[in-house]
Amino acid sequence: MSERSFLGDMLNTLFERRRATSRVSDDRSIEEMCTSLLDAEGEVSGITLAQAIVHRYTRMSDADRLAFFRFLNDGLEIDLDALDAAITAYKTSGDARDYRTIATQAEPRRQELLRRLNQAPGATLALVNMRTDLLKAVKDEPDLARTDMDFQHLLRSWFNRGFLVLRQISWETPASILEKIVKYEAVHAIRDWEDLRRRLYPDDRRCFAFFHPAMPDEPLIFVEVALTQSVPESIQSVLTEDRETRRAHDTKVAVFYSISNCQAGLKGISFGNLLIKQVVAELRQELPGLETYVTLSPIPGLMAWIKEQDAPDYAAIREGAATPDEIRTAAVRYLLSAKTPDGAPRDPVARFHLGNGAQIYAVHGAADMSENGLRQSAGAMVNYEYDLNLIEQNHERFVQERAISKSPGFKGETAAAQKKRRIQA
Amino acid sequence: MSERSFLGDMLNTLFERRRATSRVSDDRSIEEMCTSLLDAEGEVSGITLAQAIVHRYTRMSDADRLAFFRFLNDGLEIDLDALDAAITAYKTSGDARDYRTIATQAEPRRQELLRRLNQAPGATLALVNMRTDLLKAVKDEPDLARTDMDFQHLLRSWFNRGFLVLRQISWETPASILEKIVKYEAVHAIRDWEDLRRRLYPDDRRCFAFFHPAMPDEPLIFVEVALTQSVPESIQSVLTEDRETRRAHDTKVAVFYSISNCQAGLKGISFGNLLIKQVVAELRQELPGLETYVTLSPIPGLMAWIKEQDAPDYAAIREGAATPDEIRTAAVRYLLSAKTPDGAPRDPVARFHLGNGAQIYAVHGAADMSENGLRQSAGAMVNYEYDLNLIEQNHERFVQERAISKSPGFKGETAAAQKKRRIQA
Amino acid sequence: MSERSFLGDMLNTLFERRRATSRVSDDRSIEEMCTSLLDAEGEVSGITLAQAIVHRYTRMSDADRLAFFRFLNDGLEIDLDALDAAITAYKTSGDARDYRTIATQAEPRRQELLRRLNQAPGATLALVNMRTDLLKAVKDEPDLARTDMDFQHLLRSWFNRGFLVLRQISWETPASILEKIVKYEAVHAIRDWEDLRRRLYPDDRRCFAFFHPAMPDEPLIFVEVALTQSVPESIQSVLTEDRETRRAHDTKVAVFYSISNCQAGLKGISFGNLLIKQVVAELRQELPGLETYVTLSPIPGLMAWIKEQDAPDYAAIREGAATPDEIRTAAVRYLLSAKTPDGAPRDPVARFHLGNGAQIYAVHGAADMSENGLRQSAGAMVNYEYDLNLIEQNHERFVQERAISKSPGFKGETAAAQKKRRIQA
Amino acid sequence: MSERSFLGDMLNTLFERRRATSRVSDDRSIEEMCTSLLDAEGEVSGITLAQAIVHRYTRMSDADRLAFFRFLNDGLEIDLDALDAAITAYKTSGDARDYRTIATQAEPRRQELLRRLNQAPGATLALVNMRTDLLKAVKDEPDLARTDMDFQHLLRSWFNRGFLVLRQISWETPASILEKIVKYEAVHAIRDWEDLRRRLYPDDRRCFAFFHPAMPDEPLIFVEVALTQSVPESIQSVLTEDRETRRAHDTKVAVFYSISNCQAGLKGISFGNLLIKQVVAELRQELPGLETYVTLSPIPGLMAWIKEQDAPDYAAIREGAATPDEIRTAAVRYLLSAKTPDGAPRDPVARFHLGNGAQIYAVHGAADMSENGLRQSAGAMVNYEYDLNLIEQNHERFVQERAISKSPGFKGETAAAQKKRRIQA
């Protein structure tokens, strides 16, 4: 339909803009340029200057970048005394203009600087990348965290869910986007284009990503989905090369087997929860025959936890001599009972999905026999189920009682294992 | 090219989202729903709740909306004492976490509420419209200006130039967009589709608009352009029905004869300056033969100023008995010498263009003989010239010295008029 | 999805091509140019020459065009003797090369000329328009029908159903296409853009058209659809301005109330049958709640037939004094019993729909009170029903037995009318 | 711009249609089905039947396909006697209706069958592929050439230049199209996606293809272009992996280094000439700095010709012991003097480019050291130049005088080589 296309075409400008190479030269230091940008009244020269600053930054050494971050952190800081004065003034007057002064004084000038930088073509991605650098710098200089808070505050506002766009990634997607999917896949590496094709082309495979209109070449996060007849018990069965393709309309289960964040500079701005739910909604509409939505997830903290345990039956796992069932039993125990100090699941992936309102569906030994899978979790994996009718309720119980929800058919530890554990205890 | 299309297609989701009718029902008051939205951890139920609030608002009476604004203004206000305490704590500790507390306390909770509301489908436009209501309410209850400051702060960040998209509006544009152009044209009304066609279809006519990806159906601002052989001296000559179309590639002058803001709710967030400059850049690239870029602008404050003047030669103008040349002379005088208390041009349109770096090119009597043109400016109009080489310099002089730049061939008052004025003075 | 877009973008080239103005000049006569084009080996200069010929034609007078058609008809005719010789040669040799000679000799050279002309940018539309002129000329000079046969033969091949594209026409469609819909509507005239909006914008209205990729600005045929609760009994009830819009998903009946062919030059190449069936398929998929697909059709031959009848009860109709029920009775009789010499329904619209496999659903008096409706059919209209399960069977019966199928609830003449008729007979 | 998009979107239907799996079953033989399709009046059941036939064909064995071709060739043949009678009738009557009978009788019914088959979704590609099979069958059964003539006749009409669409192939193109480029590259094989990326992504590389709207997934022919500073003397220098990318706007030469036809079933329908010229036009517009357009072409017939020569200095070449300069000299001699019986250049690639109006620019030894390059042409390659000002003139001279045009700086054989040859002669 044509309206879509009109909307669609809107982004052309952004696209063309990206291509424009900034070739602005400026003799001043980047700090002077930033000060000038902040002082500029109106926007007559603002965009050109913003462009020059962004361009300058991309060519700076790590040391110069650190100095620039220090400038942002210390040179463009809140003036606490001025803020104090503004509060006092407003307490006295109650005048909206004095209220405005509080807002102005309470916001460090670096926030306004970032907003003005963002006017330049392609600046949004540049600022995301700038934050990637900043996050590294914070490790050595923790007080830079103040500046990072301001980055995060603005990025969270700009990457508001209302501005994100969900796109299917398929074999019809431009190669320029696909090569980024290959690059960013963080869970089960994509070896080559053939491997990618196996994940995108067959009728029973799907991939979806969130994008932001101001950086349309860059996926923010993506999820890979397998459509199957039954809930899979291993990643091998999902990724095997010689499986037969099913017609999507004949499948019953949607398996989210890989979720990858793409932009380190958007750390702390969570898209995963939204992505899963929106993809569930998309798939439901396209494929009404789907009955179950599960993940096939790693248990990245399992081996570390096992190594801390004294119980003799973990020795076999540590030594690689345990049966899949023994490993499964340990994994169940870890997922259900290992906690952080504040009572949340210790495993970060468990925390993510259970916090989103998912419930544990099944745990499997010998499910990921890759080197990484064996090292992290002795090969164990877990399905978390997203049941749209229960998500809110599960989420509430999780937040309020730290309760872990389980799917009806979930098999915990076997009776034998439980008995053994009781005796040991 | 295919990438463009990929980018373009991104907005489909937004489009489809718009169509979704929100049919959420909730028994709580809108204030309770807002509080609940602010309390929600994570985003599990956030979007649904945001959608319900937006939907509720659109069906509320004016009185209920006012009550809602009062709730935002007073119920979600800064806690000055908590802010004071945070400042004191940070002064003592210097800890980044205490710094964060300042940022949190200094921001009224309504800002976070607006960000969360913005997650709902179509919410960006709903919030812009909400501000339109709020601006009306502020007139009666000036302290609501505090809430308006927060709206403006967020909208300015979201409608950052880096997120805007320039689109040409042509006879190929969907009717759904075109009917909005007809509706929003504020300077020279578009009578019907034939009139619209005359402004869009001929090869020597252009129209451009800014859009925001999150509200792709709604132009934010648009400008209408005529391509001509020479700088026009009246709007009649531009809009006449029986003129002959010129080939765009044979024209020398681009005339911006109408600029209209479309969204009352974006008041105070200026796009006009950027629009003109980006359209100049577009036209230069498409039509290298263009030599001059001018406006054909109204002088809306002229008659009001004339009515305040004592000088006898203005009587004729007031009585509608002046010659075009006499009116022109008065208009020149007004534009060059009538000032606001702080030294800026008194005429708002003059202030806008001169502040953008334009310069006065020519002034014409008998240039807009419409009822409105005669009432506001006795029929006088003015060309402001955008000379890309001089824009920054003009802008600087305007900001620093309040100097009004003139194009080389600008003819001020005639010698006779000047002499007469000297005698009178 | 991105592939769509890639496909979509393909047509850009065609679009840009259309814009290119042909400015080729050539001193030769158009006949010399055509001969040269036919002689050209390869295509080195062919496209330029084709473009020049097409361009020349568009600027020729009617007399010159007639001369050109005579040249096509007589100058580029089959050489019967050469064809005879080729047949004899092949009969003797049985050689495939001699077979090819038959094919070559049996085809008048004007066919190859038309194919070569078609290479020029925009030539397909130009050839369709050329045939419009030709069809007029054939009326005066019947032997030009030979040339028209060749036009029709090629156009039928080029406008093969496999090359046509169905598009929805909506309020989101570019104005440049919409103004053609207004222009081509042949059944119930569209008065202005407001009237057009009422037919496209509401959720319970649809419009679909066929296009050909080589002339993408020009609809070939379009149908207007109303989605209703029950089968409408008059066009007034469909087009009334103050009706309430229904949600499309709540409707049960799709009414095809207007079908218009757009290109006179494609006379004899039928798209209507295909259009209706493909639109039925589209609507079924989008709106599974639809149960009935009917037309609301004129009965253009009714009054002419009535005027030929002697029976006294038609006098009232002729004099405009009949009741709607009397008119309905006459219309039923006309539709069911008035035949062409070869036994087909005499009414052309009836012939079209019944031949497509539709069946008569209902006949209404006082159904089209427009001037045209009263003059042609005394205000009577008819619903033809497209029941996908019965289309083939109806079609077979119609072709083989000239049988007119009726929907189950169809009410023929009333008992009273039948009795009266028996008595009269 | 939105119209483009409207046009673009047109093809969606075609796309969706492709996806539709034909699941029609029919108990009849394919010959019976074809007869029924030819007999069908109107198109009520035609498309379904056409779809079933196409579907049946794709699942048939080679033997069954051959039987089907025999049926087309013999069962749907011209009736020579009926044709004779029609000619006689028309000679007598001169009536246009008798003329039509000639046209009908002179066309074998298989042509009408193919046109009706082409109505089915995706049938155009299916018919192209059917012809691929047919061309193989013709080798064994030469009289099937009659049927092939009809295929070729129709395909030539349907793949008329006016219906083709030029698209740039870039790194932004969908992977589904790119994998076909990899598959069809016939000159310099593309090893993997990295190799493909090197040919598409850099700013100084381009690729263009022709498509047909009815088979939008399938390139018909494509050309790969390198933008360089000077005319390259070897393919190695063009394809080397570690070259530096130049900015396209700084280049002076466009090198067409690979042209590949993609569809065996379109044999004899030439697109190459048009493609090169349209790509030259595109590049000229995008990059006005380009001064020279040349190919870098193989000389596929060189070694075969050398093996036929007696002269002693060819022995060294045959034995792989010749210097590049000796090989170059032999290649020049071959290109300029080796002729087919009718006087055209013996080398097929030379014939193609010179016939298109190109001229010989330069010949190089040691220019293609790949296994294939050495075997075919002892490593020699040649640049043909496309000079838009001379193309028509070159073409004319080639057609009329069999003259081979040379670029101004072309160096034929060296003086030494010429002298030596004179002595030998």
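Here the chain labels run A, B, C and D in written order, and each chain numbers its own residues starting at 1.
The rule we apply is simple: a residue touches a chain if its C-beta (ideal position, glycine included) is under 8 Å from a C-beta of that chain, and two chains touch if they have at least 3 such contacts.
This one's a predicted model, so the numbers in the text were calculated from it and none came from an experiment.
Asker: From chain B, what is the lowest number of touch steps before chain C is reached?
Answerer: Graph distance in the chain contact network comes out at 1.
Asker: Return the chain whose centre of C-alpha atoms lies at maximal distance from the corresponding centre of chain B.
Answerer: Result for max centroid distance from chain B is chain D.
Asker: So, what's the distance in Å between the C-alpha centres of chain D and chain C?
Answerer: Centres of chain C and chain D (C-alpha means) sit 37 Å apart.
Asker: Quick one: report the Å distance separating chain B from chain D, using the average Cα coordinate of each chain.
Answerer: 55
Asker: For chain C, jot down the residues that touch at least 2 other chains.
Answerer: Only 1-6, 8-9, 172-174, 176 qualify.
Asker: Of all residues in chain A, which touch chain B in the complex?
Answerer: Its residues touching chain B are 2-15, 41-45, 47, 78, 80, 83-84, 87, 90-91, 94, 96, 99-100, 102-103, 106-107, 115, 118-121, 123-124, 142-143, 145-146, 149-150, 153-154, 156-158, 160-163, 165-167, 173-174, 176-177, 211, 213-214, 216-217, 270, 273-274, 355-357, 391-392, 395, 399.
Asker: Can you list the chain D residues touching chain A in their complex?
Answerer: Chain D residues touching chain A: 1-2, 4-6, 8-9, 171-176, 178-179, 192-193, 197, 200-201.
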